Amino acid sequence: MKNKVFKDAAEALHDIKDNVTIMFGGFGLCGIPENCIAELVRKGTKGITAISNNAGVDDFGLGLLLKTRQIKKMISSYVGENDEFERQMLSGELEVELIPQGTLATRCLAAGYGMPAIFTPAGVGTEVAQGKEVRKFIFNGQEKEYLLEYAFEADYAIVKAWKGDTMGNLIYRSTARNFNPLMAMAGKITIAEVEHLVPAGELDPDQIHTPGIYVHRIFQGKNYEKRIEQRTVRKRN
Amino acid sequence: MLDKNGIAKRIAREIKDGMYVNLGIGIPTLVANYIPEDIQVVLQSENGILGMGPFPYEGEEDPDLINAGKQTVTLLKGASIFDSAMSFGMIRAQKVDLTILGAMEVSENGDIANWKIPGKMVKGMGGAMDLVASAKNIIVAMQQVNKAGESKLLPKCTLPLTGVRCVKKIVTEMGVYEIVPEGGFKLLERAPGVSIEQIRKATAGKLIVEGDIPEMVI
Amino acid sequence: MKNKVFKDAAEALHDIKDNVTIMFGGFGLCGIPENCIAELVRKGTKGITAISNNAGVDDFGLGLLLKTRQIKKMISSYVGENDEFERQMLSGELEVELIPQGTLATRCLAAGYGMPAIFTPAGVGTEVAQGKEVRKFIFNGQEKEYLLEYAFEADYAIVKAWKGDTMGNLIYRSTARNFNPLMAMAGKITIAEVEHLVPAGELDPDQIHTPGIYVHRIFQGKNYEKRIEQRTVRKRN
Amino acid sequence: MLDKNGIAKRIAREIKDGMYVNLGIGIPTLVANYIPEDIQVVLQSENGILGMGPFPYEGEEDPDLINAGKQTVTLLKGASIFDSAMSFGMIRAQKVDLTILGAMEVSENGDIANWKIPGKMVKGMGGAMDLVASAKNIIVAMQQVNKAGESKLLPKCTLPLTGVRCVKKIVTEMGVYEIVPEGGFKLLERAPGVSIEQIRKATAGKLIVEGDIPEMVI
């Protein structure tokens, strides 16, 4: 079989050039492809259009690529935790497209499911709807307006999973799932970093979240920091 | 006047047994603390949880398990995890019974603004536009006046909108309001010790006061 | 909590009246809600519009409801294994709408995901496209025509799962998954019969295929026959 | 002339290492038996399998594990199971490299008919319309003439279509054909012992014969 297994992030990202569109899985700092982000910083890949729900924090996640000005444009739903981001955005250095979170997720799903466009009510009557096609449907007992939104296509999708096998099958852990399976389906080339890479046959076929057909390259990641953004706890009583 | 916890307590009374509820960031998050113990409610977090539980005990935080506010949380028995497309899918399909969220402004026809202050704050809408466009029942938890003393219940929103004609009910430090179909904030309840006169002054949009307005029971 | 657990099929289907639309999960005879089908035969519910990928065989699956003329209309993609079906269809006794399998699946998904319509290339230029809106999109590097197809809404969805818990969470086994999770999401009222009903907390949250929010009623089924339609084997050598 | 297994063997030569392949019912199913052992191919079954294996050993049939032809099958190592929406999702998104299916008629511009004979056969299209509308590479496995001796490679299909302008290649008992963009069955190979004259007689649509036509290697 054509080998999908790569040694590390450097090998898996070997052909990424400047000015490409990359989807990054993760929600906040949860379930982000730490190894690949570090490698992109090391490589110095420039002019990235990043599709990612969030922009990381100042010194972690996609924030690392913002600090080094490697990102030309961000397509996100929420970027509130990153001061450098806000500064670059308000100064016009960084191009930003903010879109609703569900729209972002569903536009990835649409690409993975071969659907060129979807309809969503999110953003109707707001500035998000500007220039977009609005259409009325009767659905779920109500007549309502929906926006036509196009599938997202990306040169690369970079995702993080908990377990993966040599065929590219992926299983995510808890809320580190988030956008990862959707982006994995939407990349022209999809690269997965996993905490545990196992031989084909070790994962239960019924429990696979992303079938290997969607994954082109996979490698065992290392040194996961898994930083917590908001550590909230309760005291034992 | 109610404090934040008072608003959360009053909203908790809107929650019925068996409901699936999405709680936004801020005051709505506090609502979870006041859900009566004799009813069972399933909390949805739009990053992909049904059955969200309280914060973990110290030392038991799991970086892979956070809520939509990026806080470490736990799962209750019977919880499920799913991707973001399914999460917003169930929101759009109106499977979530009740959405509680904060607002910077609400207009008398139910428009809401809570994501952007032009030239100043650019955090993004996150899942708020999806939630308000889809939810079958939306309650807004907010302060009725801003720090400058200006009403945030307006004839028309001045900030960029999050959604149009979607808010059903509003609970503030001063009262409970229903948005009526023809437009207007219909006063349902007063916060303890708050007069109708005070409420009138704090409501820039059309206020509807019909008959006796009871004090809230919290 | 409002109780979702019912004693058996008779209780779970107590309010089903004549002339309703019902989705039935399953592919061929695999993963079909055997208990509920038997109960509908017993009740004699009439005028059913059935949305189901297949029509069962003469004496099993939905074939049982066809034999008793309880089905007024079938919406399916493939009905090749049922002689009684073919007879009723050719004689005009049974109304039939044949639609592509992927279109059927995706129209259920659309309903479960709150999308009033989807675009698919399946059926463009064929009789399936008659009277439907055709639209060109550039997607995946090609300009291509797509049909607009509407979400399926059904009064009831009746599905079969392997395991379920008292919150309505469902896990399917192997290819008995098929249409079940999609229809589970699309019913106004969704009824699940399961081989193993367990208390909440016994299923791994990461492995649940259908979250309980989509399921209104659940019961432990019994006497599963699980008939095999095409028993194909190889000899040991 | 090739028999069914001969057609399947010839088609198997089109399959390359690492491909994801969907095999239809009939002759296409036989192709699996002739995939070279030194390459690895993942078979997709549109009811929700990647990594479909051979039939089970007697006594090991699992009613919950069938293929799109409703036959009991097995899973290979690295297999995955998914629902029908994802299955057709990956088909529409052209993640499946090659689709092999049967046909009742193919026209010289690549239209295919394989699901309905009006007033007679009403089995339904199953997943065929999705597959032909989406696949990036479609090979049709079929008999070139029907029982009445009439050609099934036509200028235009006479039966209701399954898809338009989608077939890329055809393998019959007589030869291998490519559909060319301007329309026509371009003969690529002859079956052993079959003459161009025989092929001409069995091709009702526009046949293109350029230069020497080699015999198939099987």
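General remarks:
Labels for the chains are A, B, C and D, by order of writing; each one numbers its residues from 1.
Quick note on the criterion: contacts are C-beta pairs under 8 Å (C-beta built on N, C-alpha and C of every residue); 3 or more make two chains touch, one makes a residue touch a chain.
Owing to the predicted nature of the structure, the values given are computational and were not obtained by experimental measurement.
Remark: among chain pairs A-D and C-D, C-D carries the greater number of C-beta contacts.
Centroids built from CA atoms put subunit D at 56 Å from subunit B.
Spacing of subunit A relative to subunit D, judged by their CA centroids, is 36 angstrom. Chain geometry summary: the mean Cα position of subunit C and that of subunit D are 28 Å apart. With centres defined as mean CA coordinates, subunit C is found 32 Å away from subunit A.
For subunit C, the set of residues touching two or more other chains reads 106, 113-115, 120-121, 140, 173-174, 177, 205-206. Across the assembly, subunit D contributes 75, 81-82, 85, 88-89, 91-94, 134 as residues in contact with two or more other chains. If the chains shown are joined wherever they touch, the resulting network has some other arrangement, not a path, ring, star or complete graph. All chain pairs in contact, by the document's touch criterion: A-B, A-C, A-D, B-C, C-D. Within the complex formed with subunit A, the residues of subunit B that make contact are 45-49, 54-67, 69-73, 75, 81-85, 87-89, 91-94, 111, 119, 122-130, 133-134, 160-165. On the side of subunit D, the complex with subunit A involves touching residues 17-18, 20, 39-40, 42, 44, 50-51, 75, 77-82, 85-86, 88-96, 134. Interface residues of subunit C facing subunit D in the complex, by the touch rule stated above, are 27-31, 53, 76-81, 86, 89-90, 96, 98-106, 108-109, 120-128, 140, 162, 173-182, 209, 226-236.
Against subunit C, the residues of subunit A that register as touching in their complex are 106, 113-121, 137-140, 144, 146, 150-151, 153, 171-174, 177, 205-207. For subunit A in complex with subunit D, the touching residues are 1-2, 111-115, 165-167, 169, 185, 199-201, 203, 205-206, 208, 211-214.
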